[in-house]
Amino acid sequence: MKVKRNCCNKWIVPALIASAAFFLIAVSASMADERAGLPAAQPASQPEAQPASASAINSGDTAWLLTSTALVFIMTAPGLALFYGGLVRRKNVLSVLMQCMMIMCLVSLQWVALGYALSFGADAGGKGVIGTLEWAFLKGVGQEAGPYSATVPHLAFMIFQAMFAVITPALIIGAFAERIRFLPFCVFTLLWATLVYDPVAHWVWSTGGWLSILNPNAGAAMDFAGGTVVHINAGMAALACALFLGKRKGYPSKMSPPHNLPFAVIGAGMLWFGWFGFNAGSALAANGLAANAFVVTHVATATAGLTWAIMDRIFNGKPTVLGVITGAVAGLVAITPASGFVDVTGSICIGAGAGVIPWLFVGIIKPRLGYDDSLDAFGVHGIGGIWGALATGLFATPAVQKDFKGLFFGNPAQFVMQVKAVAVTIVWAFVLTYVLLVLVNAVFKLRAGEHEELVGLDLTQHKETAYTVID
Amino acid sequence: MKVKRNCCNKWIVPALIASAAFFLIAVSASMADERAGLPAAQPASQPEAQPASASAINSGDTAWLLTSTALVFIMTAPGLALFYGGLVRRKNVLSVLMQCMMIMCLVSLQWVALGYALSFGADAGGKGVIGTLEWAFLKGVGQEAGPYSATVPHLAFMIFQAMFAVITPALIIGAFAERIRFLPFCVFTLLWATLVYDPVAHWVWSTGGWLSILNPNAGAAMDFAGGTVVHINAGMAALACALFLGKRKGYPSKMSPPHNLPFAVIGAGMLWFGWFGFNAGSALAANGLAANAFVVTHVATATAGLTWAIMDRIFNGKPTVLGVITGAVAGLVAITPASGFVDVTGSICIGAGAGVIPWLFVGIIKPRLGYDDSLDAFGVHGIGGIWGALATGLFATPAVQKDFKGLFFGNPAQFVMQVKAVAVTIVWAFVLTYVLLVLVNAVFKLRAGEHEELVGLDLTQHKETAYTVID
Amino acid sequence: MKVKRNCCNKWIVPALIASAAFFLIAVSASMADERAGLPAAQPASQPEAQPASASAINSGDTAWLLTSTALVFIMTAPGLALFYGGLVRRKNVLSVLMQCMMIMCLVSLQWVALGYALSFGADAGGKGVIGTLEWAFLKGVGQEAGPYSATVPHLAFMIFQAMFAVITPALIIGAFAERIRFLPFCVFTLLWATLVYDPVAHWVWSTGGWLSILNPNAGAAMDFAGGTVVHINAGMAALACALFLGKRKGYPSKMSPPHNLPFAVIGAGMLWFGWFGFNAGSALAANGLAANAFVVTHVATATAGLTWAIMDRIFNGKPTVLGVITGAVAGLVAITPASGFVDVTGSICIGAGAGVIPWLFVGIIKPRLGYDDSLDAFGVHGIGGIWGALATGLFATPAVQKDFKGLFFGNPAQFVMQVKAVAVTIVWAFVLTYVLLVLVNAVFKLRAGEHEELVGLDLTQHKETAYTVID
Amino acid sequence: MKYIIAIIQPDKLEDVLAKLEEKEIHLVTVTSVMGRGRQKGIAEVYRSHKEAGSLLRKVKLEIAVNEAFVQPAIDAILGAARSDNIGDGKIFVLDLPRVIRIRTGEEGTLAIG
Amino acid sequence: MKYIIAIIQPDKLEDVLAKLEEKEIHLVTVTSVMGRGRQKGIAEVYRSHKEAGSLLRKVKLEIAVNEAFVQPAIDAILGAARSDNIGDGKIFVLDLPRVIRIRTGEEGTLAIG
Amino acid sequence: MKYIIAIIQPDKLEDVLAKLEEKEIHLVTVTSVMGRGRQKGIAEVYRSHKEAGSLLRKVKLEIAVNEAFVQPAIDAILGAARSDNIGDGKIFVLDLPRVIRIRTGEEGTLAIG
């Protein structure tokens, strides 16, 4: 015990130094703004200074984007936290909640400091691989409209995207739940957000990204709200984590069932609720496209939940609660990239696929492969995300956005493009995550010790117990 | 056991056939759109094609309606699910959560396929009884404004209404909780949504409904957000279910108290929260009327919660948590039809009535009648809904909408109209529900077997347990 | 037992008389409106009557304000209720939930009846101390824009503020949790809302308040969303309550740990979620300022959560879940007054301070002082609020609102002003609360009896148990 | 004196307590337990992972009585808890040489009731 | 050897454990139970439906000790759990013929501590 | 007949149950308990307030068996629950003079299985 504490304590000094550096840079960034004169550096918040740009802010679109941001926030805290937390054992529930809360804190700061610049900043080098640091510490990201949002404040777009950057690494928790040490987890998460997430976001969503529909010179992968960037990315990382960390003690024969399924249901409800902001908010406006995204999100999710229940009924004898909520999440995952491109028919098909394909994977294939993806982060987000990204290339209909068509509407090239984007993301996310795991593990040892796993992460990592037994 | 599984298995084949048919129809509906040419069939999502209609979309109204839709969503999942789930016994909590989630899936799909068309479609036959199937599978329901929403996308109105169609059957769960078999429940729910809910929604809210204020030729029952359509409808159905299914074993003397009251409080909080969307969203715009609906909703609820607590204090010695949240829900129910027509004074009166009348019913009358409405779905939604619908005819003031006056503002005819609408809904909902129950029961046997009830529905219907005891 | 019931029963008659009076006044207020003719008294809800004022309503701003109101609602019910409820012992959780729900009911009605008029009404006497009763029972508060909200309905502004009036006394619960009797609590709360909260709100936020930035003749204390009005106010009241009521039996050595930390995490998540409405909604518009408030709120909270975790790590060996969520709440508290005035750099500094200063207070200083602030309402809201209010005077930057600068941007006068406002609020809240406690205690005895405390407040105050053990 | 331990079905608890009351046996300690017996549990399924589900919810009663009350207690339990179905449970009777009432410090047959 | 079972008020647990510690009795097993005794429970009310509420939360301690520690254990419990109010609980002392320590397989008085 | 009480680590429960099954001991009652033993709990911290955290989650098994099954039961528990670490727990064996099966009213060695 002594030894371990000492070995951890050595990280406090660097952490404090890092914090100090963080503050200093933040302060100097802010000072720079001022020295440069406000109007230029932090483009004016005073309406009268820039009437044209100011009048461009649409209050309805802004209201919807801010609302959507709050909705995406609640997906992670406490939505995903509860969804995952309810499924683990009693002795580990706090560790999962803590991981979600800590990602919220850490990645939000990383995003403000670096992530937003790397992801959405002007392309560095013109290859569409990564953004410049011009917007680091939000320099120049102000109250007026920005390049991504003609009618809403740039800051609103930034914070909306921040919530995406937060939830993506949080999804990975499902893979290493119940057996990771906390400090290495923090380090891994920060690195992953910076080195894996930010580039993919840049590729697919930035004006200069090499896979972006906003980049006139790029092949345009369609990903309305994050099928590749969020779900395939997180899903592949999850697979890498599950493989690298190995199985939990006792897996698979001696695992307890979910310790609190109602928590998982609350979490799933909040995920579904928040996902309306995730997908419909991605329209960046309160318009018909947002309404369409809202509708297809709901329909695909309902279809997937129902389909999963039917699969359960056929193969396991009874439809289960865990099944319906897992199916619903798979449906949400799958419709995410498609939500701005498909109509109701497409969404029913995508939802049905999301109820069948991940089901088969989680129920039949995974047990044979034998790795331990504790809460099926890969099975649901990886497999579901791949299905969704490909299906977007099938079902995209010009009835929704007239310039975007999939294979079934006469545009096979788009499907090929989707395959390419999926393949690139799969390789990138898996390989880079694995390398990161090896590196972080070399310094810190990621996996909890046998005794820590036995006693539970709540007590050993956080000195807390979730519930009192006698009080 | 064998026998029962076989007997259930026979339903899989028809279910699969039904699903296949569902997909085929959906696909052909979508193809039809295309054959007919997009601009006509699925009215254009391209702004430039229809400048007038496109410019009619108001982003603020749309933002509020989408937000409201999400709020009404959370009322069912997980709001109502938790409210009801916390009140049942430990062994049945998942069954209640499952019923809510399954209604969300099933009725959402029914709504998209048929329900919206039947409810809000052009009147079939001119009697104002039911809509045509023109809008089945959302054919012609697009991103532009629709007949019910001059300033918001038709799709947004459709999905907002979908959430109402979902929560209404979910309310009925309170009556048959802890003793219904799952598959028959699904069948009953689907039929009820189609045959009971959709017609009443058509009568009261569609442009052609025979009780609708939108129909210039009809007697105009005032129901701003669903007093008759949602609450009386569900409440009467609940009474029919309670009577038909009979009492739970051990009722009333040997019933356990709520297994998790904090869950019920979370659920009640979410219901109250979501109800702001339910009522204020029904203004279909972000305007003064929405603000008024928001305010009276809150005030009536606060009044009812307080009043119920005072009743508890007087008759049972202490104000109770279950009492305050039950009173709050009763207040929300009662103000629902009135929320677009009454001012703060009216809302205080309606709230006070909602704290007294359902209290007397649930606390004094019901125990004497002796039927087992497990969670008082009739007592709260039925009785509260009747009070609210009638009170709307009393307190409606021209200060809120100048064309709508109640008895106390010199318009006795309106009160008579309210009585008529209430009476019709009571009879319709009760009789039709009872007939449906008889039919479904003849084929499936609705009530869980004695052993199933004893062991609990979680294990027997879903093979799951909500909480681990030892892990 | 007999005796006590009788002694309580004597309060029923006055309560009923009070209720009756309440209704009568409400009704007559409404009648007065009518007698006076609608257009004048309750300014017209008919658009055509007042084209200018009606057209001033902006649907986007209104959508955002209504959404924000719902968000602030959920902060109390069930957000704060769960946050506090999870931290107490099993036998007292319902009492905390009940207190939150009852405050929601009571203070909402008080607000509509009196509170809004006293707080935001035209100044009575010109000293900026308290408002007139002109707006009592919302007379003249209508669907059109009001003096505080040029682009949103006056009713929307009123109900937004109602949620602030509700949560403020609810925060105090943290100080007297687990040992207060319910009826005296209700009386105390009502008096506190009227005599302590309403005046401070008037001073700081009303057009005529003597500390208000809206009052051209006043020294202008900057408090964007409630640092003084809400947090210092509640925090000082909490200190007074903790001192007056004395320690819980067994404090500090024999206190059980939080009975359900996941509940506290859900609550914290909802607080964070709702606080976006609290702060960004205080812009009263969906614009760049709202976006800025949203962003700095999030960043300060993330910083504070992280900082608290680091403090825990350094001083207690492990970062804890309770620490992260406490830190997050402290960050939310501290950024509240500053959210409309500081940029991201400022918010990082304020958040870091909120992770350090309240931590030191709660972790080091409080245990030495020895009073029992059960859930650290003073430590988090009082200390955090003071830090935030002062920091606003340091970090306010003209880059956000050009007319508002703090010390670091060359305006030391503002910092002095902040100190003054803080000092006044501290004294006012502490002294008046203490006097109120003495008075209420003289009539009712506030503190639960030894036996009641032992058995728990759930059973003794509400005759209910939160969870079944055997069912 | 005897220390009676009975394992019963949870839903019989109220009946058993009432029956014991009738026989003037007021003092009981009740625990929520899980039991594995002849009664087969229902297999649970979580994402296609099957749990044997061999443990079922039961309730354990502990009743310390003087000799004169042993048979009445057993009769009361048998009377109320028996449903003739597998899973009804067991009664175990142990010897109890010594009892102390904490409130008074009294010992023996005096203290037990 | 003796097997001591004590039912106490939940809020006395910390005190009793501390007192036992003082007497060098470190090994204890604790269970959350519900008890019906002389102490009347508070009737609960749920939507006007009254529950007798006869069962109250209690804590059960189980302590296996060698003969020499029997009286010290009893004294410790009496000392810390007694409040002279109804509901304080009972101590039951059973004979314990055999004890095995799982870790070592040791038996008897050696294994008990 | 004997009444065996065993306190084990929670994560050994499945193994112990399986081992008992092998020895044809199917009937068991399981309770979730907290234990204080040689194994030191981890101190908990709540807002800098430290809790000794001396109680750790354990599982209690109760198994009533005929004499012939006493040693097999003990062997099964020792076999599956032993990890040679502190905290493994104890087995207590009490005499059990009388057993009744509620379903049938049968008594004695017949009723126990």
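Residue numbering begins at 1 within each chain, and the chains themselves are lettered A, B, C, D, E and F in the order written.
Keep in mind that, in the parts below, a residue touches a chain if its C-beta (ideal position, glycine included) is under 8 Å from a C-beta of that chain, and two chains touch if they have at least 3 such contacts.
Bear in mind that the values here come from a model prediction, so they are computed numbers and not experimental data.
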| item | value |
| --- | --- |
| Subunit A to subunit C, fewest steps along touching chains | 1 |
| Length of the line joining the C-alpha centres of subunit C and subunit D, rounded to whole Å | 50 |
| Gap in Å, rounded to a whole number, between the CA centres of subunit E and subunit C | 45 |
| Inter-chain centre distance, subunit E versus subunit F - centres from mean C-alpha coordinates, in Å | 18 |
| Distance between the centres, which are taken as Cα means, of subunit C and subunit B, whole angstrom | 33 |
| Contacts with two or more other chains, residues of subunit D listed in rising order | 30-32, 34, 44-46, 55, 94-95 |
| Contacts with 2+ other chains: residues of subunit A | 58-61, 63-64, 67, 91, 257-258, 260, 266, 286, 316-318, 320, 322, 463-465, 469-471 |
| Chain contact graph, described as a line, ring, star, complete graph or other shape | complete |
| Complex contact set, residues of subunit B against subunit C | 58-61, 63-64, 67, 71, 89-91, 151, 256-262, 265-266, 268-270, 272-273, 276-277, 280, 285-292, 294-295, 298-299, 302-303, 305-306, 309-310, 313-314, 316-322, 324-325, 328, 343-346, 348-349, 352, 397-402 |
| Complex interface listing, subunit C residues touching subunit D | 469-471 |
| Partner subunit D, residues of subunit B touching it in the complex | 91, 249-250, 253-254, 454-455, 459-460, 463-465, 469-470 |
| For the subunit E and subunit B complex, residues of the former touching the latter | 44-51 |
| Complex interface listing, subunit F residues touching subunit D | 3, 17, 26-31, 62, 64, 94-103, 105, 111-112 |
